[in-house]
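The same chain A turns up in both complexes below, where it pairs with chain B and then with chain C.
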Partner chain A sequence: MDDALVIRNLSKSYPGFDLRNVSFRLPRGYIMGLIGPNGAGKTTIIKLILNLVRREGGEIAVLGRDNIVDETWIKERIGFVHETPAFYGHLSVRRTASLVGRFYDAWDDGRFRRLAGEFGLPLDKKVGRFSRGTKMKLALALALSHDAEFLVLDEPTSGLDPVFRRELLATLSGLLQDGRTSVLFSTHITSDLDRPADFITFLLGGEVVFSCSRETLRDSWVLVKGGGDLLDERSRPLFRALRETPFGFQGLTSRGAEVRRLLGEKQAAYEKPSLDEIVFLMSRES
Partner chain B sequence: MFRLIVKDVKVVGFLWLPALAVYLLSISTYVQVNLVYLLVNVVIAFFLVFVVPIVEDIRRLEPFLCSLPVKRRQVVGARYLSAGLIVMASLIVMEAAAPLVSTVFEIEGARPDILLSPAGALSFLLPLILLLSLFLPLYFRLGLGKALSILPIVILALSALLGAAIRLVAWLIHKPWSVVFPLDAEIGIVPYKPFLPLASRLTDFLGRPALWALILIAGGGIVALSLRASIRCYEKKDL
Partner chain C sequence: MHRIMRQDLIFNRNNLLLMLAIMTCVFVYFAGWAEGLSPRAYFLLAAFYVGASMGITLAAREDKHKTAALICSLPVRRSTIVAARFVLTWALMLLTLVYASLLTAVLPFSQIDLIAVVNVKFILVGLLILSAVFSLILPFTIRFGVMGVILFLVAAQVLSVLVLLAFHFFRMENSLFPSPLRMVSRGLRFLLGPSSTVIHMLIIVAIVLAFNAASFFASRALYARRDL
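Then we have the complex of A and B:
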């Protein structure tokens, strides 16, 4: 199985923020959700993939090629949606599409018009008058109109109404039917990833906490709930994240079997955590 | 790179005709004094080069543009090429507008023929080449806002450099600087007059073809150095 994206030991520093040794891979034909709280490094990784910021260490291979050496080849095959889509405000949708389409050999104007119709984009209206959500729809239509093999979507659902959000997620799933399109989807709204994502990479403070398939994630993490008296110097280190209240605790662990042995089956409740619970507890812990 | 230039033309295509009409009306005010006319044209040409970058800066379009299938060096190269095209088009407009405006508005005392000469063209091109060659690397390194804020310092530095060069030449040839760089009231009509003694000496020394070759090589060299610096700056920039 070849990979759409391979990132190895990626690093980048800004004042007050370090991306440290980030590594993960996305097989071709799948959707990966890149999740984490604001400031975790999601946008930095996406900018590094697109060569918008310069990496200080590590490697990035997109569709099997280095993203700096084969920059133009790669960008021809990437559909990118920026978290705050920006366009020439005085140009209409039609002129914006003609301007962008000129840069792609595989541009399909018919497909763009079809998508614009589906997304409710008025072709002759000036882009500057659009809401953030409508600009996001335009960015998506542009990203999907040049037969991209790899979609990089930076917070694509922010600013969208719930109906279009649902439609977008369905569109993404539909895209993957061909088995060659891959999607990297960054978001801090974990519910967006409930259905479409095959892989999840969770970032926190510039580091990868985990990067795995949804099945692995579901099987390897356990949410433990119980009374505060169960926590002691032996049990505490088994948890990756703990939330204590006057009524008890919630703990997240990847060492479920050890915790069960130590705390017993009856004193504590064991559940499969939702993605939202994992992100919430881990972020809070950090 | 050609796609980027077409993009620039498309982005501001609607602007050119009204801008030309406004230009012809406004420039009639200055056509009587060639120096002012020349300076106004230089300033207009300089800012025309930055019409598209201004639009892109206001809309924060750099990440969008650089996410298209282009290399940074192509973005820089296209900006230099479109700057060159705009400067040449501005030169043609300046040279054509002076006789046209003075005839249409019947402006007495105007001497457009003085600018309609190789020396007149050079007095438009050389300051622009110098200014743009210094400014473009700053723009690619710092962005438009910061680069514009230090532009006055760049212009002052250029003026100081010119002053120092004149004094150095005067000292070397043991002549008063007013002989090396004769600055009098006639400069209003013949803007390049202060450079004529130097041009005359160089022509005597090198011959006219060699002097033109020297000017072309110097101008080309400055642009090439500037282009190289801009590419280096822009390739290192985080967007």
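Then we have the complex of A and C:
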């Protein structure tokens, strides 16, 4: 199976923030959710993929090619949505599309107009007058109009109304029917990934906590709930994250069998955690 | 590269048309009635104004709308963006010189001696002066945007004042060293006068090429290091 994206030992430093040895891969034809709290490094990784910031170490291969050596070839095949889409405010939607479209050999103006119609974008209105959500819709329409093989979407649902969010997620799932398009979808709204994401990469403090398929994630993590008296020197180290209250505890573990053996079946409750619970507990723990 | 140039021209269309109108009015007045300002100085100032305005307007627009990330996410290399802006700036400056020459030739009441400006020596010296200025301004503009231009202009003014003060207080103008302004003025007069030779002109061409090459490679390296 060939890969849409392979990242190996990627690193980048800013004052007060380090992205350290980030590695993960996304097979072609799938959606990956890149999740983590604000400041985890999601946008930095996306900017590194697009070569908008300079990497300090590691490798990035997009569609099998190095993202710097074959930058133009790769960008021709990437549809990109920035977390805060920036456009020339004095240009209309039509002019913006004409400006962007000129750079892509595979630009499909008919498709752009159809998407603009579906998204409710007025072609002759100046972009500077748009709300953040409408700018995001324009960015999505542009990203989807040049037959991109790899969509890189940085917080694409932020600022969108719930109806359009659902429609967008359905559109993304529909895109994958061809088995050729892949999507990297960064968000901190984990519910956006409940249905469409095939793979999840969770970032925390500039490091990858896990990167796996949704099935693996579902099968490998267990949420344990019980009374505080169950926690002792032997049980505590088995949890990746713990939340203690006066009424008991909630613990996240990838060593479910060991915890069950130690705490017993009746003393504690064992559940499959939601993505939201995993992110919440791990972020809180950090 | 032509895509970036075309895009920049489209963005600056209104600005360029406005400059063309202002430049034409000022030039018509200058050619027919004004006295005191050398036509050579006018030609160079017009070219400088157009070139600087192009770069500054583009940088200001990118700063205002934060669109550098948009342009750099398109299928185009950063080195191509820098090359396009160099070529466009120079093309517009040269077109300004050609336009000013044509106006001089066409205006029936023009008092400007066309031979004084349309000759190899003046053209090469003009290119030298413009290169010296733009080879310093362009890297600042490309790397730091409008703030870079402001920093450059402030730094250049402070440096000039310091040099002039140094010459004044240390009484260097009376020594073997001429003052900087006198030095430049003498140099230019020599190059434009009958004493300069083909060798001098070839040296100017080499310096112009060297200035621009150094400026281009510096700008390219600076822009490649810019995190967006």
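We adopt the following convention: the second predicted complex is superposed on the first by the 286 of 286 C-alpha atoms of A that agree within 3 Å, B and C clash if a C-alpha of one lies under 4 Å from a C-alpha of the other, contacts with A are read in each partner's own complex, and residues count from 1 in each chain.
Just so we're on the same page, contacts are C-beta pairs under 8 Å (C-beta built on N, C-alpha and C of every residue); 3 or more make two chains touch, one makes a residue touch a chain.
This is a predicted model, so every value here is computed, not measured.
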> With chain A superposed, do chain B and chain C clash or fit?
Replying inline: clash
> Counting only touches as set out at the top, which of chain B and chain C does A:Tyr104 meet: first, second, both, neither?
Replying inline: both
> So, A:Arg25: does it touch chain B (first), chain C (second), both, or neither?
Replying inline: neither
>> On the A-aligned overlay, A:Phe87 touches which partner chain: chain B = first, chain C = second, or both, or neither?
In response: both
> In the superposed arrangement, does A:Arg260 touch chain B (first), chain C (second), both or neither?
Replying inline: neither
> What is the contact status of A:Arg65 with respect to chain B (first) and chain C (second): first, second, both, or neither?
Replying inline: neither
>> Just to be sure I follow: which residues of chain A are touched by chain B in one complex and then by chain C in the other one?
In response: 47, 50-54, 71-73, 75-76, 80, 82, 84-89, 99-100, 102-104
>> If we count contacts the way the header does, which residues on chain B are in touch with chain A in the complex?
In response: 3, 6-7, 10-11, 14, 55, 59-61, 63-64, 66-71, 235-236, 238-239
> Which part of chain A faces chain C closely enough to touch in the complex?
Replying inline: 47, 50-54, 71-73, 75-76, 80, 82, 84-89, 99-100, 102-104
> Across the complex, what residues on chain C touch chain A?
Replying inline: 3, 6-7, 10-11, 61, 64-67, 69-70, 72-77, 224-225, 227-228
>> For the complex, give me every residue of chain A touching chain B.
In response: 47, 50-54, 71-73, 75-76, 78, 80, 82, 84-91, 95, 98-100, 102-104
